[in-house]
Every structure is written in structure tokens, then in C-alpha cells.
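Labels for the chains are A, B, C and D, by order of writing; each one numbers its residues from 1.
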Amino acid sequence: MALLKRWVARQFTTRVIVLMPVAIAINIVLGYTVQSVLKLPIYVDSIGTILVGCVAGPLPGAATGILSNLIWQYAPGIGPGSQIGPFAITAGVIGLLAGLWGQLGLFRPRRGHALNIAAAVVAVVLIGVLALYTYGRAFESPDQFANATFKDPGAFDQSRFFFLAIMVVFVGLVSWALVLRRDVGAVFAISAGLFTGIVAAIISAPVYAFFYGGLSGSGTDAIVAAFRAGGDSLYQATLKQGLLSDPIDKMITTFIVFFLVGNLSRRFVARFPNGEKLVGPEVQPELAPKPEAS
Amino acid sequence: MAIELGSVRYRYAGSASSVLGPIDLRVEPGRVVGVAGANESGKSTLCLVAAGLAPGVIGGRLEGSVRIDGVDAATLRPHELAQRCGLLFQHASTQLSHTTATVFEEVAFGPCNLGLPVAEVVTRVWWALRTAGIEPLASRDPARLSGGQGQLVALASVLALRPRYLILDEPTSELDPAGTQLVAEALERIVRETGAGILLVEHKTDVLARIADEVVVLDHGAVVLSGSAAAVLADPRLAELGVEPPAGVRLERAVRASGLEWSAELEEAVE
Amino acid sequence: MTLSSVASAAVISGLPDYVIREPRGFYHSLNPATKLSVAALEVVAAFVIPGWLGPGLVIAVLLATAAASRTLRGLMVIGLAALPLVVSIMVVNLFVLPGASDPIVRIGPLAPTWSGLWFGLMTTARLLAFSSAVALAYMTTPIDDLLADLARRGLGRRGMFVIGAAVQMVPRTIERVGEITDAQRARGMDTEGRIWRRARGLVPLAAPVVFGALAEVEERTMALEARGFTAPGRQTLLRVPADRSIDRALRWLALAGVVAVAALRLAGRMG
Amino acid sequence: MTAPGSTAAGSIAPAPSVEFEGVSFAYPDGTRALEEVSLRIEPGESVAVIGQNGSGKSTLVRHLNGLLRPTAGRVLLEGRDIRREHVAGLAERVGLAFQNPDRQLFAGRVSAEVAFGPRNLGIRGQQLEERVVAALEAVGLGGEAASNPYDLGYSRRKLLALASVLAMRTPILVLDEPTTGQDARGVVRVRAVVERAVGEGRTVIAISHDMSFVAECFRRVVVMRAGRVVVDGGPEVVFGEAAWPELRAAHLEPPRAAVAGARLGLGSTPTDAALVAALVAAGRGRG
């Protein structure tokens, strides 16, 4: 019991308490800005949650996610605030998972040692098998999607088609990260993002289906409509849509967070509860905290 | 009775070398000790150390002793330190709590944290607002103030904890001339009326010339010049230490350098 | 401090009016927890009572409450914000509702169905009932009243700070993101070109938000410590929203309502 | 026009003239920030804009690269209205260094940060590298190319932000409060950057509260109050005794040398050097 209390207290230092509101505001504002300024079709409304999770731990991460959605629902300043509240559960799980990834050191920069590369390969295989299984299960009904969109039924096994789409994005992001940063750690981070995305989709689907008839008011509704036209149930269509867009969104988000954490001044990161797991033992001495300027 | 730093050295967590020290410094109640020096010469670190927050809150390693009114700062917890020694930074926006709707409540944030009775909180808030010279702002929204006003609210918020000493880290560096003037006036009033001891880090040597009794100059973490404000600010080594001398001193130097005499008439005109 | 009435507390403590901020009107003056309980009952009723009775009844009650508390306009804004979702719900359900086979009319391959129309309208009604119920609580309850009330019911100062600061941080972050967008556009970031060129702006836009915030976190942490944030014991609450007997009665009623609706549903008597 | 010390990558296009024609601007919340400002800045001029916070200085300069568009009036570069031009396109001609570096630094390395601007302008390879090195040298950060920007102190981050705009080699350079938070060495760096840019024939426009910096580095000073230009002229005009009532109304103090010169009846002496020259000319101050 005392151990549990210490574990909790260790994650909620004053520094983390100060970071949380900032992260909540980042969640609410940044996703909206990316859509309005850069006009990109992604949500990225969990950067703050994943950041807190990975620098502070699972509990602050979960708390940041849950509070983000509740506060956005309660005081809807911008964007789709007035419908976001029920997804507090998803956001909480995303934060919790990010905290686990952080404590496992998945956001740490890694060099291309043989051991790291081997571990990365294992991670990719694991996440690939997991994704294949999930997509196989979710799409196990006959190929109605193909019926609805492609004239030739049987030309596509839709679970494989979607699995492939996700994997293309995965490989694309991973190779971009490797070219950009020459850092094997990116493989772990983006794998973690894919896992998070799958979990998020599975949790969100019933919420969507129950509260909003499976729709979100954004462009992805067209996909839901296509599945439904193919004969899927409300829930199934929503889940399939989620399994397409959530993993992509979360892979991009974790990719951004990985990039951010890698670019962060060591001095800032090191003072957070998860600091040493993010900075990692591979940091050269000259990267150790430098004196604060006046 | 004083803040006393005895041969203090400090290094940040994970850093191999000291960024500060050795430093011996004494801030007595009713006195203003100015600190000048180039950027990254250790001035901010000195503030954190003197306020007892380093290493208490940010880690790192301290050698030597920091005593506040004879008590070893290392034995005091942050909220106890806060009631002995107030700390103010350069950006007003980072110091306000951003949880309050009025300046009154913002200033009350500290006393409320201490769990004081409401009547005591109210008394302290009015006192702090009066001392900082911002009673008329009490009902305003702290998020909608000018830079100078915001800094004075931050100052009042620190005063409300009734510290005997104030440590100010470049409180005017982000302010326009009007804002700088407001803060300088408030500091003069605080010393006069409360007898607080002030450690003031400041780039604007004109401000130091106006309100500091003594000035120390830091270079690479160590005190290289110290003495009365007038003497230190007129020291010819100031510029090479990265400190811009006050306007009057620069003018005097320019006049002398051109072979002219610094007459009483000139000195009066520059005052 | 007594919890009986805000006004009497003000007399005792001498708090200024702009800190008390006495709520105007009956619904506004209800205790925040009461308004949240009522909202919870409304949401549960809208979703659990089958058919049109649930959402219809709830929307009627909401409109009446909003009219009485002069928040109709605000409710309209919330309704408008949900417009994209409403349109989507109507269109998708009208044309592709799984299992629907009662077309209103056939236009080529498109066949809107009656059951799709009803399902869409029902989902819309529930959605509007849900977001309006929450919005009404928000519009009649300032966030610091809610926090003060939660604090009395056991929320610690850390929780209060996180929620209170987050709410105020949103407009500040919008402002900050605006400045960052300006700075990067001034350096040639493309916000108008092709998608992959725009995608390259993702990190330059997101990174300064996060880095800047983290750089501030250091100073804000120390500023909080310097204001006694980690002092032991409970903090003083300057203002505690009234909790009258009518509040307690309403909360019991709301609880009873939730239980009744759930029980009836489970018993299947309304199905 | 090739400036001394510049390399092959360094030629800078000739500066266009800048003209504000009756520019008014109101923010969406109704705050009126500019009231019919008319101003013409010739190529190669160095102009300081001074005034209290909230007087409209920052709003004014944000019109130069289209970040803000006038609610009335026109902004012209080389006689052409910029209303229809994209910010990304104007960035080629107008470089704007903002006051707060933390609103733009995003890269993990100092050199990558500086490369962002010129890269957006289509500069690549050798040329890009040269520009980055030259810009970092100009602000004295030559040795920090591989550092993390946030490992530098605030004042050096500010110099880095300045370098990131310098590297774009725009013919017009706009600096918002470049000396704030700088120590004496930093101010010397900023002065050198301004003087060099002026020497290269670029137009330099700076907002500043530092009156001695303004008086010594700029040949023209524009005083703003409540969204209007109230005084406009050389430092000797703006800091001369006749303009003091306007300065005071704008909550500004003339430099010490100007005050001393006026008290001694030496006319307008906005800088230390001007005061000394006036003393010599008047044969005063000798023992």
C-alpha cells in the first residue's frame, strides 16, 4: 500500500502538475490549429496526453487525457468540444498506454547497435502479427466493402486490404523517421503508436455507436457510410472505420512526440519523473544538463 | 539577521562542473544588493540558491552554506522558504497561477495555500496590493494587464507571504520604460516601508544606480567586483565583464576620452 | 467558515464584491453539484428512456430552463457547433441505415428510408439533449465556483490547479499558436501549397508549442513553490458556493430519477 | 549589390521602397491598433519605431509581410500593393525577427533551425550551408551549430532567432525588440548586425525601447502613440527638446545625452558622441 502511494506520488510532482494544464490546452488547441492552418486531415488531439504519459508516467498521462476531454466538453472553446466528452475513456487509455511506453523506454533515442536492430525487428513482427489478427477478426464478415466499392467481388480481401493500408503508412513513417533521424528508437515509438491506435479504435467504436450513431461529423463518415452500404451493422462499420483512421492518426502523433522528445533539451526532460528513461544511458556526457542561463 | 551565503558553490544535476562559486554574499534587511553580470554568468542560479530552491526543488549539488536569518536553508521546506524569502522572475506571465479571475484572488493564492483564515488572507492581500501600489487593480483580470502591471501583481503575490527578503531575477527586462519605472518605484517603496532586504539581478544598470546600495558583479559564477553601487557601477572593468555602465557613467567616460574635463556643470546636467 | 450562505461569509471576512460574485437568478444560484446532478439525470433520461419520450422530454425541460435562466442564445451556439455532426448523422442514416427497407422515394441508386429518417432524428435529438445539458451547467456555473465546490467535497489543490489552469490556458495557447504560426510563416512556412508541403509544417508548428511550454514549466514550477503551493494541510477557500436545502432536495430527486429510469428500463416496462 | 564580406551565396536583392498609405487596422475584437498611418521608407534606410507597449508598433511591422492586412489603406512594396501576395512569397523580401524566440524555435540543432527559412525559400546544398554558417557567425553563435537551441540561454536563443531570419538574406530586415534581454555583449552583436545590414544596402526597421540603441544605430526614428505616427525624423529631431512633450506623452524618455545637451544649451545631442562634439564645438568643458 505504501509502495503504491509512493508510486503515485512519484508521478505527480509539482513539475508534472504544472505541465498537465499546459498539455491539456495543447491537446485542445493544437489539433484544431493543424486542421485550420495546415488543412491536414488528421486529428493530432493527443500530443499533450502522450507527452505527459511518456515524461511523467501512466497516471498523469491518463489523467491528462480524461481531463482534456471533460474540460473540452464542459467549456467548449474551439473545435468539436461539445461532443468530445464521452471519449474521455479512450483518451485516458491512450495516456495510460503512453505512460507504459515511456516507462518501457520506447521513446528513447537508440543507435543502430545489432541488439537494438534485432529488438526493433521483433517489435515490428509482434505488432504486425497483432494488427493482422485484429484486422482479420474485425473484418471477418464477407467482403461487403468490396461489393460496395469495387465492381469485382473477391478481388480484394478487405481485412488484408486495410491491413496493407495501415502497414504502408507504418513503413512510410518508419523509413521517414530513419532517414530523418537515423534512430532505431523511432521503430519502437511508431509501433507503440500503431498499438495505441488499434486499442483506441476498439474502445471508441462502441462510444461512437451509442452516442452518435457511429458518426463524427468529419470526412471519415464517408467510410462509415460505405461500410454500412456494404451491409455492416452500426457498430461494425464504426469499428472498421476506426481501425483505419485511428492507427494512422496515433502513429503520426507518436512520431511527432518521438521527434519532439528527441529534440528536447536534456535539461528539461531529465527533471521529470520518467526523465532518465527518456534521456537514456547512451547520451554522451556533453549532452548532460548545461547551466541555466541568466 | 540576513541572508548569508558562505563560500557557496553549486552545480546542476548531471553537470560536471560548478556554475556558481565560490560566493560570499550578505543581504541585510532594508538594504538593496544589486547583481550584474553578462548573460549566463550565474546570476539566475545565484537567485535560486539564495532563495533556497536550488538544490531543494531542482536538484544539483551545493557546497558551503546558505543561511536565512541564521537558519540553514537546506532544512527549510519550500513553503517555509517562501515565507522568509520571496522570489520573482522576469516574465510576469509565468508567475501568475492562471487559476484566478481577479488580481485580488491572484494575490490571495499564496496565503490561501498556507491555509490562513479568510480574515487574515484579506488583510494580507490589501496590505500587499497597497505596498506594491496597485490597489486600483484589485478587481481586474490578471490575464489582461500590461507587462509592468503584471509584474507588480506578481510582486504583490510574493509580498502577501510576508517575506523579510525579496530576490528578484531581472524583474524589468521584458518591460518598456514606463513599466520599468513602475517596478523601480514599487521596489523603492517596499524597502522604505517594510524594511525588506532585496537581492536584485538587473541588466538595466540605470535601475541599479537608482535603488541599489551595493552591487556585486558576477563572471563565470564568481564575484569579481563588489562594493558600493556608485563605485562598482563606475568601475572601468564593467564593460569587459559584459555589463553596460549606466548612461551617466558612459557619458562621463566619453567626455573624458575626448580630452575634455568632467566639470561640475556637466555632472549636474547629466544627473 | 460557515457554508450556510455566501452573503454572511462576505460580511465576516470583508471580501470585496468582485471576489464574491454573487450569482444572479434562481438557476444560476443553485449549487454547482446540483446543476451537474440535474445534467446527469437529463443525459441518462435522454439515452435510456426509449422512443421519443426521453429526448423529447429532456429537450423540453432544457429549453424551459434555458429560457428561465436567459441562456437560450448560448444554447443555440452550442447547437450550431454540432451542425456538421447533425448533417452527417441525418445524411448517412437517411441513405444507409443497416437493415432499413422502407424507402420514402427512389432516385436512381439512392433510396432514403423512413426508418433512416427516424433513426437520424432520434440520434440528433439525443445528441442535442446531451450537449445542451452539459452546456447549460457550464453557462450557469463559472468554472471557479465549480472548483470551489469540488474542493469542499474533497478535491485537492493539485486537482483544482490542473483544472483551473487548463481552462485559462486554452485562450493563452490559442494566442501562442497564433504567434508561432506568424513566426513560421514569416520564415516561409507554406500554408497554402500542396498537402505534402503543408505536412512539412507540422513539426515547426507543433514543436515550439511544446518546447516553449516546457521551457516555461521550469519557471512556473519554481514560482508555484515560491507561493507555498506545497504547504501541508488544506488551502483556504475564499468563496464557497451556497448549498441550500433546495440543492440537497434537487440532488436527491436527480438521484432518484436516475435510479427510477434505470430500473424501469431494466424491468422492461417502458420498452 | 554585393556587400563586403559576403560570399557567392550572399548577394542580396536591391531593397524595394516601402509605403504605408493611410493604413488603419482593427483586430477582430474591435481594438483599433492603427489609425491612418502614412509612411514612406526609402531603400536602404534605417528606421527605429518607438512607443509604449500597445501603441501599434508590432501591428505596423506585421503589415510588411502580410501577416496582417490593413482594414483600410494600402501597403506597397516598390509601388506595388501587396494585398494579393502570400506571406510565404513576401518572406523572400521581408524578414521579420519576432520578439520572443520561444515562439519559433523547433529544431533539435541550432544549424537546422537557421536552415529552416532559407530552405523554405528553395535554397539547398552548399549555398544553404554557407548561409547558415554566415548567419551564425554574424550573431556570435558560430561555435554552437550542433547544440540544442533550448540548451542556450534566453538571450542566445534570441540571437539564434535573429540568425534564422538573417540567413534568409531578405532585402528588408524587420527586428522586433532585438536588444531586450541582451547583456552589453549581446547589444554589441545586435548593433553590429544592424550596421552591417545597413552597409549592405538593406532596409532595416527595428522596434525598440532602448533609446541609446535607437539614437546611435538609426538615422530615422518614428514615434507612435495610440496607433498614430506622432513624430518622424532623425534622432536629433525626435530627441530634440521641441519633441519632448510628444515623447513624454508617449511615455518615453529621451536619452541622457539629449537631456544633458539641452540643459547645457548645446542644442539637440541625441548620442554621447553628439554631446561631446557639441561640447568641443562650443569650447566648453575644458578645465
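The definition used in the following text is that a residue touches a chain if its C-beta (ideal position, glycine included) is under 8 Å from a C-beta of that chain, and two chains touch if they have at least 3 such contacts.
Model, not experiment: these values are computed from the prediction.
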| item | value |
| --- | --- |
| Two chains sharing the most C-beta contacts | A-C |
| Interchain centroid distance [CA atoms averaged], subunit B/subunit C, Å | 42 |
| Of all residues in subunit A, the ones touching two or more other chains | 14, 21, 263-268, 271, 290, 292-294 |
| Two or more partner chains touched - positions in subunit C | 161, 164-165, 169, 171-172, 191, 203, 205-207, 211, 214-216, 218, 220-221, 224-225, 229-230 |
| Residues of subunit B whose C-beta touches two or more other chains | 37, 39-40, 48, 57-58, 98, 170 |
| Chain-level touch network, classified as line, ring, star, complete or other | complete |
| Residues of subunit C that touch subunit A when the two form their complex | 47, 78, 81-82, 84-89, 92-93, 95-98, 119-120, 123, 126-127, 130-131, 134-135, 137-138, 143, 158, 161-167, 169-174, 177, 181, 191, 195, 198-199, 201-203, 205-207, 209-211, 213-218, 220-221, 224-225, 229-230 |
| Residues on subunit A engaged by subunit C in the complex (per definition of touch) | 12, 14-15, 17-26, 28-30, 33-34, 37-40, 44, 47, 51, 63, 67-68, 71, 73-78, 80-83, 85, 210-213, 215-218, 221, 224-225, 228-229, 231-234, 237, 256, 259-260, 263-265, 268, 271, 292 |
| Complex contacts: residues of subunit B adjacent to subunit A | 12-16, 19, 37, 39-45, 48, 57-59, 98, 169-170, 201 |
| Residue ranges of subunit D touching subunit A (in the complex, touch as defined) | 106-108, 148-156 |
| Subunit C to subunit B touching residues, read off their complex | 1, 9, 12-16, 18-19, 21, 142, 144, 147, 157, 160-161, 164-165, 168-169, 171-172, 216, 218-238 |
